[in-house]
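Input: structures, listed below.
Two complexes are shown next, each including chain A; its partner changes from chain B in the first to chain C in the second.
Our next item is the complex of A and B:
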């Protein structure tokens, strides 16, 4: 049985003239310990899948099952201990007036964890930030350091599943690799399950065993990493995405 | 002479990039705000005026040379012009105006402080709740706010005082009731821009309750603009209190309230100008002080002003 099962997910924002049909029947399933990628252009609905799964976007149709059990709306505390999310923009995802210590202790206080001091320090160690960072404010940290704090916050409730919403797209190229390696290492150590959203095919093929291509709120196709690397795709859209991801080519005549 | 080494150590401890405890981080943050505030000269003048008001109010008994309520000899000491004996002259009941102004500082400070303590939390609570939840809660709370905003402030305060009965306590309640709607509007506008921020989504995903999110995450971000607004409104609150006093609906005689003192001096404004002018100057200086302080606070606390 899959750990995450999403069946025919429909999401509609707004009503009347401003109605936006963001997801049209998206289905996916992710096994425990797997890393699953979702790629697509801007506005394809890839982030909305994550937001709907964790209750930040309204689900208008379909089912979401975790461990075979349908999630409740609003989500219960057990759900939040099991599924956590890392956001795209590390500059927006940390409260500007809270110290790192508060950011990390608050979830522990909400869920009544013991040994809070030790857990906070351990979480900082695990993401490669020392104790010296504990009482700093976000504005005293760089983008990469903030994203490490966001990862530590997601991990501190010891979840099984981490939803990653373009976790590196707001970071410099050199920092991107560091954060991706950190995510890889944490997954190995803790046996985490990742659902990674990205527009960057290189990131997805590095991180994920399987991936799903989305366009206009619909699934275009599902591929394995090997198929992606061999460019064994059946859909034109995926091929275009692959070509675009190779970036600027100086001489188009060289491309056959 | 060089700076005291222990002081330098303290400043270094406060400004440390790697604070070792919660309190050090908090104090350091406050110290940084203080440092940037001290560089604003007008703000410091405002703070100075407000501090003097507070000190005068605390030590009124020591500072005032005469009794503010009991006058001197009615035959010889009425309506004396300012002199060495009576720095601001005496009024029609032979009371020393300087002593009355000094004791009036207590009433003014009490009005300002109580209104701030009553109105700010109401405004913050209504505004953040309304902005955070949206929907019908927002509609209901904002229509109530609109009703309060639709009345001119002094008129509404007059109506409340008329209903509750004249007196300084009722004036304070009336002013507090009429001054929270702008804070609610402000807090709501701030909340609307905050509530979809990723850090709010993040804490929601940690399973935090709405109360925890509003109190711990939204209110601290609305706080600075509301504090600025309240400080800038202090002048208006003092004037409203003085206006109620002037109309005879605020502090009652013989209380030395500045507005009531102006009302008392109005009858002989031409011949004995100091009776109404001296408390007027006091109102002017204190209002100016609060405005300057509010401007200074805005330069330091307002995140939008900081970015420029």
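Our next item is the complex of A and C:
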């Protein structure tokens, strides 16, 4: 049985003339220990899948099952012990007036964990920051360091599933490599399951064994990493994405 | 042919509590009618370099250069009136994000025509603007002219901004991350438009970006910046022969669709690169 099972998920925002049908019947399943990627352009609904899964977007139709059990709405504390999310913008997702210590202690207090101090220090060590960062504020950190804090915050509850919404797209290339390596290592060490959303095919191909291409709130197709690398796609849309991600190609007709 | 733009020993400093901090430290280059790429990571000074050429260094900063010459005009001590006659008419800049760079309470048409009217051509302003929107491949220019920026998608807004910058037919265009906020497929379309305009109108283009791969496929020549200095200048086609360890590191740390290097090589910064 798959760890995450999403069946015919529908998400509708607004009503009447402002109705936006963001997801139109999206299904996917992710096995335990697997890393699953979702790619698509802006507005394709890729982030909405993650947000709906963790209760940040309204589920209008379909089912979300974790470990074979349908999730409750609102999600209970046990859900967040198992599923955590890392957001795109490390500048916006940390409270500017909370120290790193407070950011990391809060989930521990909510879920009634013991040895909080030791856990905070351990979490900082694991993401490669160290204890020295404990009493700093987010503005004293660089973008890459902030994203490490966001990852530490997600990991501190020892979840099984981490939902990653464009975790590196706000970072420089060299910092992106560091954060991707960190995510890879943590998955190995802890047997985590990832669902990673990105617009960058190369990042998804590097991180995920299987992926899904989305457009206009629908699934275009599902591929394995090997199929993507072999360009074995049946859909024009995926092919266009692949061509576009290889950089600019000059129209031969315009060559002088 | 003399170059369109010459920059020699450009330095930009901002005050701080520890005294002035130089964010651009002696950048020199020449630009003809070609596509020049400037790449670097955030904080490398690439955007400040572009802004200084247009005299848009923030007031707290101070830009100095041994030579800053555009088509024979010395820009270092240009008067505000001189700048007004140059900016928009002969040199202009496309910014990164159309959401923040267009006036939100003016229609696209009004903003476009403002540029034309300022630089002569009152009567044909409307026709010129419509033609320009068509040139950037906006299918329904009449509708876009009447639209406010929030009514357009990111790709449309970016095209409208490019139209606005090009309607006066400048000789030099500085594009600061013009496609970073766009989806990959739209990004290629916008680049194609820029590319055509450069080759048809013989414009000089400075393309500032963090995306090494994109720059190497789009530009003719590339300057790689690190900590306010140009560490390497390359032919775009010869990116794979880069010598400087920083450039090589930047290329190496990108994940590739076909590659499976794990862990990814990370960039080990060397203090010697600062010199």
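The rule is simple: the second predicted complex is superposed on the first by the 249 of 256 C-alpha atoms of A that agree within 3 Å, B and C clash if a C-alpha of one lies under 4 Å from a C-alpha of the other, contacts with A are read in each partner's own complex, and residues count from 1 in each chain.
Quick note on the criterion: a residue touches a chain if its C-beta (ideal position, glycine included) is under 8 Å from a C-beta of that chain, and two chains touch if they have at least 3 such contacts.
Keep in mind that what you see is a predicted model, and the values were worked out from it rather than measured.
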Clash-or-fit label for the pair chain B, chain C on chain A: fit
Chain B versus chain C as contact partner of A:150, first or second or both or neither: first
Which of chain B and chain C A:185 touches, first, second, both or neither: second
Chain B versus chain C as contact partner of A:10, first or second or both or neither: neither
Spatial angle chain C-chain A-chain B, Cα centroids [nearest 10 degrees]: 80
Which superposed partner A:94 touches (first chain B, second chain C, both, neither): first
Partner chain(s) touched by A:121 [first = chain B, second = chain C, both, neither]: neither
Contacts of A:221 with chain B and chain C, given as first, second, both or neither: neither
Touched partner set for A:136, first chain B, second chain C, both or neither: first
Touched partner set for A:31, first chain B, second chain C, both or neither: neither
First, second, both or neither for A:203, with chain B first and chain C second: second
Minimum C-alpha separation between chain B and chain C after superposing on chain A, in Å: 11
Chain C-facing residues of chain A, complex: 41-42, 143, 172-174, 176-178, 180-181, 184-185, 199-203, 205-207, 228-229, 240-242, 244-251, 254, 256
Parts of chain A lying in touch with chain B, wherever the complex brings them together: 54-56, 75, 77, 80-81, 84-85, 87-89, 92-99, 101, 106-107, 110-111, 132-133, 135-137, 140, 150, 153, 157
Contact footprint of chain A on chain B as seen in their complex: 17-22, 24-25, 29, 197-199, 201-208, 212, 216-217, 220-221, 303
Touch list for chain C against partner chain A, complex: 41-42, 154, 183-188, 191-192, 195-196, 199, 210, 212-214, 216-218, 249-250, 253-260, 262-267
